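Next come two complexes, and both contain subunit A; in the first it sits with subunit B, in the second with subunit C.
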Partner chain A sequence: MRAFNRLLGLVVGLALVGGGGFCVVEVILAAIGHRFVVIPGRSWLASLRTTSWSTTTVLVVVAAIAAVGLVLFGAETRRWHRWRLELPTSARGARWWVSSRSLEAHVRRRVLAETLASRARLHLVPRRRRWKAKLKAVAPTSVRAEIEASVRKALDGVGAPPRSKVKVKISPPRKLA
Partner chain B sequence: MSDRANRILWVFVAVVLMAAGGVGLSFSLGAWGTSAAHADIITSTEVRWWREGSWMSFASAAFIGLVVFALGGVLVRSQLTRNEGRSRLDDFNLDRANSPDPTRRGRTIVRAASLSHALEGDLERIPGVERALVGLFGTPLDAEVRARLRVDDNVDFGRVAEQVRDCLARLHRTTQVSPSDVDLTVTLVKADSARVQ
Partner chain C sequence: MTSPAAHRTVVAQAVAEAVKAVPGVARLSPGTQVEVATQYAGGKVIGVGLSAEVVFVHVVVDLLPVAPVAEAVRSAAATALASLGDRRRVEVVVEDLDLVDGRLPMSYRDLR
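Right, the complex of A and B next:
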């Protein structure tokens, strides 16, 4: 989403530069009695003077504008996955961060190596004072405590906030026919 | 432009689009009455205003075009600006051309890039640190250090943090650059993964 925002900014910015530039040139030319050069101004004006608000085309266009706004608003206001998480060691003079994707992958590797889990997916959510680790694993239900301990150990190893919450959701492995 | 600023901008744009689309929809669907719904988008009254405005109409349109052009330029520039607009550390220029002692005359220039490369090298000597990328910003007396470290996932992070502090202390001792703001991002990599030299 960050890269998308940046790219969108660049594209919209270039469109505004182009549109604004053309507008200034066309208006100056029109003011001194020339015809429109690039923008088909006369046909647009004629069309807008004969098109009412209730026509289907206008309805579709304004609905599309509202829909684009709604989608953009939803995408920008939802909670984003933080690309890095601040470590409590930051208090010692420098701010320390850990890449959340790499930490999630690290914890997943540890869980798979140390427990009977055959699949694991971790999602880390930073809160004000602690993190919330949500792990989904495919494993026998009896190893829940073992998996939780493994996640805690891996998080403690990188210096995660001490009271971080670990939530483990286990799906039992499918039995072979 | 920072990610936060970009996000605020697009939320604002989204609200404007929703409002414009909503008002347009209300006209189209007849919320303002059937006469408004059947009215043309540009009415003869607006055309008359334009004509009566004479040169003022053209000036207003040209001004709006100019504002749009300038806004677009600012937006493009802000998206292309690297490091969120922070300026990189300047080169050190130790100019002693006018020194009274002829044996001490001369000029020494230390490239700031060489300092960041030196710090990268120092950080990469820490056991477990695979790769370091360093950016130095601000002024030598109030420098900002931004670093990204690729670190093996089996190392003792407390030890790595101590050694990083030692590296920064060495930077200060050798160059007098005092980092007032240090921001380090660690990416954990599998310890036994093959290293590319």
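Right, the complex of A and C next:
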């Protein structure tokens, strides 16, 4: 993901530099009385002067931009999965965190190793004083207590806040034909 | 008198060395989001980020529970900073729990 971001940043940066360079050249040429060279400036200007706001193309473009803006706004205001969780500490002025993905993977591995669960998915939600662990597992319903105990043990072993809430949802395994 | 850039490098390297010596620290980590590192001419110290008031240390831990290791990391980094006359606060982020040979960390194996 980091490599992709860097590559994307490079491509976007080069595109902006290229576009900006063209604009600078065109502006300089226009200022000294030349015609547009690369950009079809005259036809764009004519089009802008003659196109009204009620044209279908304009309405579609404006609606699309508004939709993209709403999606971005929604994405920004949505509460995303916290990427790190703060661990409780009694040390004065000290703060430390643990990566939530790593911790979820660790607890999931513990559950799979210690119980009859064949699949498990964990989601840790930090609260003010304790965490909430939501686990979905594929296992016989009779081992629910065992799975819950395994999650608690794994969380305690890591040093999660005491009395963290554990919620287990079990789907029974499908029988083979 | 060292330049601010050279001082940053010295601080980051001292913190990194102190943290790597803490039992339970498998390695320093660049983090999972934007890379955490202190850049200097010709290299970088991965896992140590310096801001005006806080020194961030990102580690991978191979010992449970996490809290005592994190506290030891904080303490080691704070001692290294103090020896350089730096009084910045230290914040520790455990980026991963490392399993030895696909098994559990040592302390967990002892619990079983």
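Simple rule for what comes next: the second predicted complex is superposed on the first by the 131 of 177 C-alpha atoms of A that agree within 3 Å, B and C clash if a C-alpha of one lies under 4 Å from a C-alpha of the other, contacts with A are read in each partner's own complex, and residues count from 1 in each chain.
The criterion applied here is as follows: contacts are C-beta pairs under 8 Å (C-beta built on N, C-alpha and C of every residue); 3 or more make two chains touch, one makes a residue touch a chain.
Model, not experiment: these values are computed from the prediction.
Contacts for A:H106 in the overlay, against subunit B (first) and subunit C (second): which applies, first, second, both or neither?
both
With both complexes overlaid on chain A, does A:V37 touch subunit B (first), subunit C (second), both or neither?
Neither: A:V37 stays clear of subunit B and subunit C.
Go through the superposed model and pick first if A:V17 touches only subunit B, second if only subunit C, both, or neither.
In the superposition, A:V17 contacts subunit B only.
May I ask you to decide whether A:W97 touches subunit B, subunit C, both, or neither, giving the answer as first, second, both or neither?
Both subunit B and subunit C are touched by A:W97.
If we overlay the two complexes on their shared chain A, which of subunit B and subunit C does A:A145 touch? Say first, second, both or neither.
In the superposed model, A:A145 contacts neither subunit B nor subunit C.
Tell me which touches more residues of subunit A here: subunit C or subunit B.
Result: the larger residue contact count on subunit A belongs to B.
Identify the overlap between the subunit B-contacting and the subunit C-contacting residues of subunit A.
Of subunit A, residues 2, 84, 89, 93-99, 102-103, 106, 109, 157-159 contact subunit B in one complex and subunit C in the other.
Which subunit B residues qualify as touching subunit A in the complex?
Answer in residue numbers: 1, 3, 6-7, 9-11, 13-22, 24-25, 27-30, 36-44, 47, 55, 58, 61-62, 64-80, 145, 153, 157-158, 161, 164-165, 168, 182-190.
Applying the document's contact rule, which stretches of subunit C touch subunit A when the two form their complex?
By the definition above, subunit C touches subunit A via 32-33, 35, 64-68, 70-71, 73-74, 89-97, 99, 104, 107-108, 111.
Which residues, counting only subunit A, touch subunit B once they are in their complex?
Subunit A reaches subunit B through residues 2, 5-6, 8-10, 12-24, 27-28, 30-31, 45, 48-54, 58-59, 61-70, 72-73, 76-77, 84, 89, 92-99, 102-103, 105-106, 109, 157-159.
Show me the residue ranges of subunit A that touch subunit C in the complex, using the header's touch definition.
Where subunit A meets subunit C, its residues are 2, 83-84, 87-89, 91, 93-99, 101-103, 106, 109-110, 113, 156-159.
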